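The two complexes that follow have subunit A in common; it is paired with subunit B in the first and with subunit C in the second.
For the complex of A and B:
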C-alpha cells in the first residue's frame, strides 16, 4: 500500500463518514467537510508533475487476488495524472458549487448526495490509476452505479428514474461487453496488467482474437463516452442536479471512455480497424451531436448534445492519432501526432469550458427557475458576472480567439486536413470526409453556441414568464465557474504553460515507441499560424455559423427543428417494450401452468436427447445373442399384460381403471414368480393390494363435480409422444442388452452369491443384501416411508383455512 | 344401524391370528428364506386392517391402543441404533454381526444384528401402512 492507493480509497472512506457528519453536525453544510478531500488530493497529485514531466512513471503494487492475476496496482504516468488532476480539481469546484446549489440543508438529502458523489470520485480515480484491467473494470462499473444513483437523486421525479435506468442499462451493457474484451486480452497475453499487455502488443495484433477483443473493448468505451449510437442516455441524464451534470456528464465520467481508448491505443492502435472505427464513429458523433444540439430548447439539453459532439471530436482525434504508429517521426516530423496533441489539449479545454458552462446554466436555472431558452432573455444587465463567464465559455466552445477552444479547434482542423494526406488504409479515397465533417460540425457548434448565449443573455427581459425575482447569484455559486473561466483564458493566452508539464507526458503514454529513446514530443501551441487553410476554415465557421443562427427563426418551424428528441430514443424505448412483451409472450407460450404440457415438454426432450445420442454416437444395436428360451406360458402372461395395458386408456370408468391397474400389478407379481424372485413377488402382491385400497379410498373422497364416467380425450400429440417414449426406451433396452455382451462387464452378483452365508450368515441373498450388504439404502427407504406417512397425516389433519398461511 | 355381521366377526377373529402368526413367521424367516421385515410388516398391517374393516375403527382403537406415529419413530430409532451400535464398537456404520449362541431351552441359536435392523423396518412399515390408511379413512371433511 502506498499513498497513491490511499488517493483512490480515501473518497470511499470519507463516504462512510458522511452520514454521521450529516446527522450530528447539522449547523455546517456537509459539503464543506467533503470539499477538503478533493482539494487535498489535488494538491497531492500536483506534486507528481515535476516527476511526470521528466518522463518518469510511478508504479505501486498491491496484490488482491494474486491467484487470478487480479491486483490493485497503481500506475501513474502522464495520462493518469492528467485525468487525476481533472477529477480532483473539478471535483473540488463542483463540491464548492454544490454547497451553494443545494443550500437547503433540511430539504435536500445531502447525506445521499455526497456519499454518491464521493463514491463516484473514488471509482473514477480508480479507473484512471489502475494498472490492472480487472480492477479498472470494477471501478468502471462503480462509476456507472454512482452515476445512476446521482441521476436519480430526485427519485420522486419520473424523468429522473427514466434517465437513471437508461444510463444504467446502456453503460452497464457496454461495461459487460468490455469485460468480455478484457477477458479476451487475458486469453491472448495471460496477464491483466495493462503495461504487460502493451509490451506484448506486437504479438496480440497477429492473434485471431484481436478483432473481437478490440470491438468488445470499444463497445465499453463508446457506451461510456456517449458515442453514436449509444449517446442517447446523456441528454436524459440531465435530470440530475446541475453539479452532477457538470462533474460527471461533462468533465469526468464521459471521458472514461476517452481514457480507455487513449490507454489502449498502444495495444490496438496499429490496426487499420482501430483507426477507422475510432475516428469514424468519433467524427460522425461530432456531426450528429452538433446538429442535434441546435434544435434543443433546454439549456442543459443543448449542453448535453454539445458534450456528445465534443467527445466525438476527441475520439476522432485519438483515432487519427493512431496513424502515427505507421510513420517514422524523424522523417515526417510532427504531422501525424498533431491529432493526438489536439485530442489531449481539447480534453483539458473541454473540461474547463464545459464545466463552467454547466455551472452557469445551473445558476440561470437557480435564479430564474427555468432553463427554457424561449422564456429567458436579457439577463446581461441583471447578472453581469454570470454573463461574463458565460461569454468566455461560449466563445471558447465556439472556437473564437483568444480562448483555448480556438487553439484546439485550429489543431483539430490541422489534424483533419492532415488526415487527407495519409497514404494508408484507403485514406486517399475516404480521407476527405474528415475535414468536411469537421467543418460542418464546427459551423453548427458555432450556431448553437450563439443560440445559447444570445437567447439567454441578450434581447428583452421577460419577467412575466418567470416565477422568481431575478438577481445575481451568490458569490459561492460564482467562484467555481469564475475559476474555470479564468483557466480558459489562461490556457488560451499561455498555452505552452501546459505543454511540457502535462500534455507531452500524456502523449508519451498514448503513443509509446513512436519516438526514439531520449527524444521528446515537440509541443508548441501558438495562436498565429499565418494565412493557411485552417484559418480560412475558421473564418468560414464564423460566417456560416452566424448565418445559421440569424436564419434560425425562419427554419425553426421546419420539421427538423421541431423534433427535439433524438430519433434513436424511439429505437431504445421500443426495444425495451418489445423485450418485455416478447419475453412475456415466450413465457406465456411455454409456462402454460398445465402439468400435461410440461409433461409433454419433458418427454419430448428425453426422446429427442436419447434419439439424438443414438444416432450421433451410433449406439443403437440389436443382438439376439445369449437370449434365453421362452417357455410357452410366458407368452400367455405377456399377452394378458399387453392386453390390459392397451385397454387401460379406453376404460371410461374410474373404478374399473383402478381394478385394471391392480390386475397389471398382479401380473407383474406373477412375472416375479416366474423369474424366481419370491421376495419381490410377495412384496409386489402386498403393495399392489394396499395401493388399490388407497386408490379406492381416494376416489371415495373425490368431489362429484364431474360425472364418474368420462371418455378419455384423444390427442394426436400425446399419441405420438407416448409412442416415441416407448420406442426410445425399448431401443435403449435392446441396445444395452446387445452392448453388454460386446463390452462385458463383470457382474457383482457372483460376489453376493458366494459370500452371503460366509460373511453375513444368511441364505436369503435378497434379504442379506437389503439388511447387511446395502443396509443404508434400506434405512433411508424406511425414512422415506415414514416421511410419506407423516406427510399424509399433516395434509389431512392440519387442513388450513383460507386465511392462514404457511 | 349396522347390520349383524356375526359371520364376518367370527371368521375374522380366527383368521387374524393365522395371518398374524404367518406374518411373524415371514419376519423371522427373512434371513434364510423369502420374507423379512418389509413383507412381515405389510402382512401384519393387513391383519390389523382386516380388524378395522370387520369391526369399526373406534372399537379397535380401544383394543389396540397403538400410536402409529410413535411406532414409526421407534422403528427408525431401532434401525439407526443398530448402525450406531456398530460404530460404538469401532466398526463402520451399519456393520452387522452374527454369532451362534446356545440357550438352555431353545438349543443352539443363530443370532444376528440384522434382526433388530429388520425389526425397525417391520415397525416402520406397519406404522406407515396403518397411519396413512387410517388417516384417509377417518377424514370426514
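For the complex of A and C:
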C-alpha cells in the first residue's frame, strides 16, 4: 500500500463518513467537509508533476487476488496524472459549486448526493490509476453505478429515473462487452497488467483473437464516451443536478472511454481497423452531435450534444494519432503526432470550458427558473459576471482566438488536413472526409455556440416569462466557473505552460515506442502559424457559422429543426418494448401452466437427447448372443401383459381401469417368480393390492358430475411423444444389453454370493444386501415412507379452510 | 414327460388368465370383473406352484400364501366397494 493507493480509496472512506457528518453536524453544509478531500488529492497529485514531466513513471503493487492475476496496482504516468488532476481539480470546483447549488440543507438529501459523488470520484480515480485491467473494470462499473445514482438523484421525477435506467443499461452493456475484451486480452497475453500487455503488443496483433478483443474493448469505450450510436443516454442524463452534469457528463466520466482508447492505443493502434473505427466513429459523432445540438431548445441539452460532438472530436484525433505507429518519425518528421497532441490538448480545454459552461447554465437555471432558450434573453446587464464567464466559455468552444479552444481547433484542422496526405489504409481515396466533416461540424459548433450565448444573454429581457426575480448569482456559485474560465484564458494565452509539464508526458504514454530512446515529442503550441489552409478554414467556420445563426429564423420552422429528440431514441425505446413483449411472448408460449405440456417438453427433450446421442456416437446395437431361452407359457403371459397395457388407455370405465392396473401388477409379480425373485414378488403383490385399494378410495371421492363419464382423449402429439419415448427406451435397453457383452465388466454380485453367509450370517442374499451390505439405502427408504405417511396425515387433518391450495 | 405336461399346464393356465382378462375388460357389471380378478389370483397360485416344480425350489411358498390372502382381501374390498362405495367404515363401534 502506498499513498497513491490511498488516493483511490480515500473517497470511498470519506463516503462512509458522510452520512454521520450529515446527521450530526447539521449546521454546516456537508459539502464543506467533502470539498477538503479533492482539494487535498489535487495538491498531492500535482506534486508528481515535476517527476512525470521528466519522463518518470511511478508504479506501486498491491496484491489483491494474486492467484487470478488480479492486483490493485497503481501506475502513474502522464496520461494517468492528467486525468487524476482533471478529476480532483474539477471535483473540488464542482463540490464547491454544489454547496451553493444545493443550498437548501433541509430539502435536499445531501448525504445521498455526496456519498454518490465521492463514490464516483474514487471509482474514476481507480479507473485512471489502475494498471490492472480487472481492477480497472471494477472501477469502471462503479462509475456507471454512481452515475446512474446521481442522474436519479431526484428520484421522484419520472424523467430522472428514465435517464438513469437508460444510462445504466447502455454503459453497463458496454462495460460487460469490455470485460469480454479484457478476458480475450488475458487469453492472448496471460496477464491483466496493462504495461505487460503493451509490452506484448507485437505478439497480440498477429493473434486471431485480436479483432474480437479490439471490438469488445471499443464497445466499452464508445458506450461510456457517448460515441455514435451509443450517445443517446447522455442528453437524457441531463436530468441530473447541474453539478453532476458538469462533473460527470462533461469533464470526467464521459472521458473514461477516451482514457481507455488512449491507454490501449499502444496495444491496438498498429492495426488499420483501429485507425478506421476510432477515427471514423469519432468524426461521425462529431458531426452528428454538432448538428443535433443546434436543434435543441434546452441549454443543458445543447451542452449535452456539444459534449457528444467534442468527445467525437477527441476520439477522431486519437484514431488519427495512431497512424504514427506506421511511420518512422525520424524520417517523416513531426507530422503524424499532431493529432495526438491535439487530442490531449483539446481534452484539457474541453474539461475547462465545458465545466464552466455547465456551471453557467446551472446558474442561469438557478436564478431564472428555466433553461429554455425561448424564454431567456437579455441577461447581460442583469448578470454581468455570469455573462463574462459564459462569453469566454462559448468563444473557446466555438474556437475563436485568443482562447484555448481556438488552439486545439487549429490543431484539429491541421491533423484532419494531414490525414488526407497519409499514404496508408486507402486514405488517398477516403481521407478527404476528415477535413470536410471536421469543417462542417465546426460550422455547426460555431452556430450552436452563438445560439446558446445570444439567446441567453443578448436580446430583450422577458421577465413576464420567468417565475423568479432575476439577479446575479451568489459569489460561491460564481467562483468555480470563474476559476475554470480563467484557466481557459491562461491556457489560451500561454499554452506552452502545459506543453512539457503534462501534454508531452501524456503523449509519451499514448505513443510509446514511436520515438527513439531519449527523444521527446516536440510540443509547441502557438497562435499564429501564417496564412495556411487551417486559418482559412477557421475563417470559413466563423463566416458560415454566423450565416447559419443569422438565418436561423428562416429554417427554424423546418421539420429538421423542430425535431429535438435524437432519432436513435426511437430505436432504443422500441427495442426495450420489443424486448419485454418478446420475452413475454416466449414465456407465455412455454409456461402454459398445464402439466401436460411440461411433460411433453421433458419427454421430447429426453427422446431428442438420447436419440441424438445414439446417432451421433453410433451406439445403437442389437446383439442376440447370451439371450436365454423363452418357455412357451412366458409368451402367453407377456402377451397378456401387452394386451392389458395396450387396452388400458382405451378403457372408459374407471374401476375397470383400476382392476386392469391390478392385473398388470399381478403379472409383473408373476414375472418376478419366473425370474426367481421371491422377495420381489411378495413385495410387489402386497404393494399392488394396497395401490388398488388406494385408487378405489381416491376414485370414490371424485366429483359427482364427471363420475363414470371418463373418456380418454386422443392427441396426436401425445401419441407421437409416447411412441418416441417407448422406442428410445427400448432401443437404449437393447443397446445396453449388447454393449454389456461387447465391453464386459465384472459384476460385483459374485462377492455377495460368496460372502453373504460368511460375513453377514444370512442365507437370503437380497435381505442381507438390504440390511447389511447396503443398509443405508434401506434406512433412507424407511424415512421416505415415514415422510409420506406423515404428509398424508398432515394433508388430511390440517386442511386449510377456505383455500384451494392444499 | 413331466416337463412337457407341466409346460402344457402352464400354457393352459396362462390362456385362462387371458380369458379372465377379456372378461374384466368386457364384463358388463362390476361383479363380473371382480370375480374375474379373483379367478386370476387363484390361477396365479397354480402357475406359481407349477413353476416351483419346474425350478425345483420351495422359495415361492410364501408367495402362494400371500396371493391367497390378498385375493381374498381384494375381493372382499371390491365387494364392499360395490355394495356401499365405502371400503373402511367410519363407525368404529
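A few points about this structure:
Definition applied: the second predicted complex is superposed on the first by the 799 of 806 C-alpha atoms of A that agree within 3 Å, B and C clash if a C-alpha of one lies under 4 Å from a C-alpha of the other, contacts with A are read in each partner's own complex, and residues count from 1 in each chain.
Please note the rule applied: a contact is a pair of C-beta atoms (placed from the backbone, for glycine too) under 8 Å apart; a residue touches a chain by one contact, two chains touch by 3 or more.
For clarity, every value in this text was computed on a predicted model and none was experimentally measured.
Of the two partner chains placed by superposition, only subunit B is touched by A:762; subunit C is not.
Once the two complexes are overlaid on the shared chain, A:631 sits against subunit C while remaining clear of subunit B. In the superposition on chain A, no contact is made by A:745 with either subunit B or subunit C. By the touch criterion defined above, A:798 reaches neither subunit B nor subunit C.
In the overlay built on the shared chain, the residue A:660 is in contact with subunit C alone; subunit B does not reach it. Of the two partner chains placed around the shared chain by superposition, subunit B and subunit C are both touched by A:682.
Contacts of A:692 after superposition on the shared chain: subunit C is touched, whereas subunit B is not. When the two complexes are laid over each other on chain A, subunit A has residues 678, 682, 686, 689, 693, 697 in contact with both subunit B and subunit C.
Residues of subunit A touching subunit B in their complex: 678-679, 682-683, 686-687, 689-690, 693-694, 697-698, 701, 760-764, 766-768, 770-772, 775-776, 778-779, 782-783, 785-786, 788-790, 792-793, 796-797, 799.
For subunit B in complex with subunit A, the touching residues are 26, 30-39, 42-43, 45-46, 49, 68-69, 72-73, 75-76, 79-80, 83, 93-94, 96, 98, 110, 112, 114, 117-118, 120-121, 124-125, 127-129, 131-133, 135-137, 139, 141. Remark: subunit A residues 631-633, 636-637, 639-640, 643-644, 647, 651, 655-656, 659-660, 662-663, 666-667, 669-670, 673-674, 676, 678, 681-682, 685-686, 689, 692-693, 696-697, 700 touch subunit C in the complex.
Across the complex, subunit C meets subunit A through its residues 7, 10-11, 13-15, 17-18, 21, 24-25, 27, 30, 33-34, 37, 40-41, 44, 47-48, 51, 55, 57, 59-60, 62-63, 66-67, 70, 73-74, 77-78, 81, 85-87.
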